[in-house]
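One chain, subunit A, links the two complexes that follow: it is found with subunit B in the first and with subunit C in the second.
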Partner chain A sequence: MARTYLLLAWTWLRASAQYPVPLVMMVLGSFVLTGMDVAAIWIVFGHTRSLGGFALAEVMFLYGTAGVSFGLADLLFGNVDRLSQHIRAGTFDAMLIRPASAFVQVATDRFSVQRFGRLAQAAVVLAVALPRLDPPWSRIWMVPVMIVCGVVIFASIFTIGGAMQFLLTDAPEVSNAFTYGGSTLTQYPLTVYGGDLVRAVTFIVPLAFVNWQPALYVLDRDDPFGLPYGLRFAAPAAALVLALAAALAWRAGIRRYRSTGS
Partner chain B sequence: MPSRHPEEAVFPPRTRLRPHPRLSLYARLAGYGFRRHSAYRAAALAGAFTNTVFGILRAHVLIALWEARPGLAGYDVADAVTFCFLGQAFIGPMQLLGGGVQLAERVRSGDVAVDLLRPASLQAWNLADDLGRAGYLFLLRSVPPTLAGAALFGIVTPAHLATWAFFTASFVLGVVVSFGWRYLVALSSFWIVDDRGTQALSMVMAMFFSGMVLPLNLFPGWFGTLAQSLPWAAMVQVPADVYLGKRDALEALGFQALWAAALLALGALATRAARRKVVVQGG
Partner chain C sequence: MIEVDGAGRSFTVGRGRARRTVHAVRELSFTVAAGEFVGYLGPNGAGKSTTIKMLTGILAPTSGRLRVAGLDPTRRRTALARRIGVVFGQRTTLWWDLPLKDSFELVRLLYKVDRNDFRRRLDELTELLDLAAFMRTPVRQLSLGQRMRGDVTAALLHDPAVLVLDEPTIGLDVVSKAAMREFLGRLNAERGTTVLLTTHDLGDIEKLCRRVMLIHHGRLGFDGTLEDLRATTPGEDSLEDVVTRLYTASPADR
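Moving on, here comes the complex of A and B:
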């Protein structure tokens, strides 16, 4: 499956390299577009020294970890949110009869180098923010763990959003609220959002485990909402549960899928 | 067999005042644009849902900022929340995420040849269609997020009837400025066949410099002054300020009208250049 993925992704990359000018513009556009979010945080901190009890470097750390996770998940599986286009155009039927996983084919379809722009931008922010915080080595091991868990969580949300499009073929934008909405939500400390929303993203859609709970451990801070200390180490479990749910949702979607037949 | 040579045709005298034929053509085109988009009701409602979710997230960030700095930039917390939901409400009609003008696709497919043969201005045709689109999306993508914002956070409503009238005018002008810009972006596909790169850059500019991500009056120094004078300010910042009564209404409308006229004039010039440039392939 991984081999098929790499083969298809490489094929699409070579195809997109045939038009170098739009390619470069799209990478730049993606880099700058996602950079706008950093600029927004920068401007906000031009007016205040702390937001929701967190300083600039800490918010940038949250932004960087969430951005790298989301960027990787978007790079690898973001195309799944185009499923409804494939269903409407009938190209999904063609994918189903090919001797390769339909999920891999949807994920790699038009695999585009532009998504590297988002990832690169977030990686730069993280690389700048982390030395400023200078967390002890005894805590820094959590950073790669949280990034991997974040990738799994966002990839699962992309997959669930894709699976929803089997039902909501005419309204694919709903899944953007969860995928890109999740990315926006995790860019800021959850203290700005208030208790109800935080409980929802801790216990229902586990976005709090992308960066918030592990970051409390890395930064060695008390939980402003008074949730149990153990939750800081729960990211792998949350990622696993969500991945299982995503796999089930995708299978359920494929099973109930009926071609338009035309 | 005609009873009279066509060149001798006698037109009956007009008995009552009828709308100018051109105007009624464009009015009908706007109507068709409205109806064409009404075929995608589920997509519009899904967009409204997503706009509402983003409105809630951004509102929380702005509330946190204004609680730390009350009265920042002349807004209070309620003004900032209202601004945030208005920005989300404008995404649909002003098409802030790009697209809406189908011209680029038609240049790629060659269908633009038919458009250029029509006995009507390409630009005015697209403008009429776009106004119809904006009208429909106003109903489905502007009203629901605003109502959701009002229900969840409470938003400011203008007290004076005049403010509502100014806001309506400002909103329509904002749509025209947005069209003027998107039409230019779409026309670029006459020269650059793959317009995805230009679309991506256009989206960056529109999102950031319209005030949708953050109100432009938070931008520091000369950068803020620059952002306030660019055409994207006419799409979110200016109409929202007119709504909130934070800006001299006539000055705001003048600013928008100036950009609308400039972009439409540039679009007309570019259309003429494109007409000479176009090579339609096929037989």
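Moving on, here comes the complex of A and C:
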């Protein structure tokens, strides 16, 4: 599966390299556009010393980890939420007659460098925030763990959104609320939101495990909502459960695939 | 090579009170032996494409069972893909933005075809189908006739035992059509590839198929040799008139 992924992604990259100028423009555009988010955080801190009880460097840390996780998930699997376009165009039929996973084929379709822009910008923010926080080595191991878990969580949400499109061909808008919505939500400390929303993203759609709960551990902070301490280490479990749900949803979706006329 | 036993596929359409079940194909049974060249006829909406999609693993049947090249298409989709070739005349299975040559190379890697076998087959197909002039052209810039030849080549590079063709001559001019028919006839005669062909072009059927199956309202209406098909309507000379009569007959007549 990994071999097929690399093979197809590389082929698409080579195909897109035939037009280098628009390519560079798009990477820059995406970099600048997501950079606006950082500018917004900067402006907020021009007027106040803290956001939801968190200092600038801490907010940047939350922003950076969420951004890197989402950027990687979007880079690798974001295309899955365009499944309905493939179904309507009939190109999904062509994917099903090839000896390769349909999921990988949809994910890699038109793979392009442009997808690196968002990721690069978030990585820069994280690289600036980490030295300023200077967390002890005994806690810093959680950073790569939380990024991997975040990638799995976002990728699973993309997949569930894609699987829904086997039934509802107009579902992209619904799933975007959870993917892009989830990405925006996790950029800020959850203390800026209400308690009900925080419980929902902890126990229903486990977005709190993308960065919030593990970040409380890295930053050595008390949970402002008073949730159990153990939740800080629950990100891998949450990611695993969601990934299993996503795999089941995708399999069920493919079995219900109806193709198009003719 | 192909075994279909009581296969059916229904779709639920509409919402709420208008919800109803449409049976695209019902209780379909037939077998195709290795080396046969079978024509699969039927009016629009009769269930031809649904049958093809079930045979290739695109659609799961809602009842009955199918086996193609010894495999259950739904459960063993990717394994089956290595043993069959599929061509859709209405849409390409090639990569739209890639040059034809790169598409073939990708097929080689995806199907894990041995490099020497691949070279040999590609050279052979390049000559037979006259591909050399547009090998480096992106698929989207090819003419329909060129694209179809590219699609047929891509479907044969892994030397499949079964070739499934869904309207492969649609939109082709008389010269391209004749070339395609000759190629398919030779493929079947010389390599022994089993071919299942759906078409609306009765010329394809007359030139290529010893056996014809006709589907109507989702059921098999006729299965026999071309001569038997003609004999269903004594006194009619043209195959077109014979088929028109079968297409317009109500299901109760049979």
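Operating definition for what follows: the second predicted complex is superposed on the first by the 261 of 262 C-alpha atoms of A that agree within 3 Å, B and C clash if a C-alpha of one lies under 4 Å from a C-alpha of the other, contacts with A are read in each partner's own complex, and residues count from 1 in each chain.
Convention: a contact is a pair of C-beta atoms (placed from the backbone, for glycine too) under 8 Å apart; a residue touches a chain by one contact, two chains touch by 3 or more.
Here the structure is a predicted model, which is why all the values come from computation and not from measurement.
Peer 1: Overlay done on subunit A, so just call it for subunit B and subunit C: clash or fit.
Peer 2: In the superposition, subunit B and subunit C stay clear of each other.
Peer 1: In the superposed arrangement, does A:Thr184 touch subunit B (first), subunit C (second), both or neither?
Peer 2: first
Peer 1: Looking at the overlay, does A:Arg258 come into contact with subunit B only (first), subunit C only (second), both, or neither?
Peer 2: A:Arg258: touches subunit C, not subunit B.
Peer 1: According to the contact criterion defined above, which of subunit B and subunit C contacts more residues of subunit A?
Peer 2: More residues of subunit A are touched by B.
Peer 1: Report for A:Asp93: first if it touches subunit B alone, second if subunit C alone, otherwise both or neither.
Peer 2: After superposing on A, A:Asp93 lies in contact with subunit C but is clear of subunit B.
Peer 1: Now for A:Met26: first (subunit B), second (subunit C), both, or neither, which partner does it touch?
Peer 2: In the superposition, A:Met26 contacts subunit B only.
Peer 1: Taking the superposed arrangement, what is the smallest distance in Å from a C-alpha atom of subunit B to one of subunit C?
Peer 2: Comparing every C-alpha of subunit B with every C-alpha of subunit C, the smallest gap is 12 Å.
Peer 1: Per the contact definition, I'd like the list of subunit A residues that touch subunit B in the complex.
Peer 2: So the residues of subunit A touching subunit B come out as 19, 21-26, 28-30, 32-33, 36-37, 39-40, 43-44, 46-48, 50-52, 114, 168, 170-174, 176-177, 181, 184-185, 188, 191-194, 197.
Peer 1: Hey, which residues of subunit B end up touching subunit A in the complex?
Peer 2: For this pair, the touching residues of subunit B are 40, 42-43, 45-47, 49-50, 53-54, 56-58, 60-61, 63-65, 68-69, 72, 192, 194-198, 200-201, 203-204, 207-208, 213-214, 218-220.
Peer 1: Under the definition above, what is the set of subunit A residues touching subunit C in their complex?
Peer 2: Checking each residue of subunit A against subunit C gives 4, 7-8, 11, 14-15, 90-91, 93-94, 96-101, 110, 255, 257-259, 261-262.
Peer 1: Where on subunit C does subunit A make contact in their complex?
Peer 2: Those in contact with subunit A are residues 11, 49, 53, 56-60, 74, 77-79, 81-82, 86, 88, 90-93, 95, 97-98, 102, 106, 109-111.
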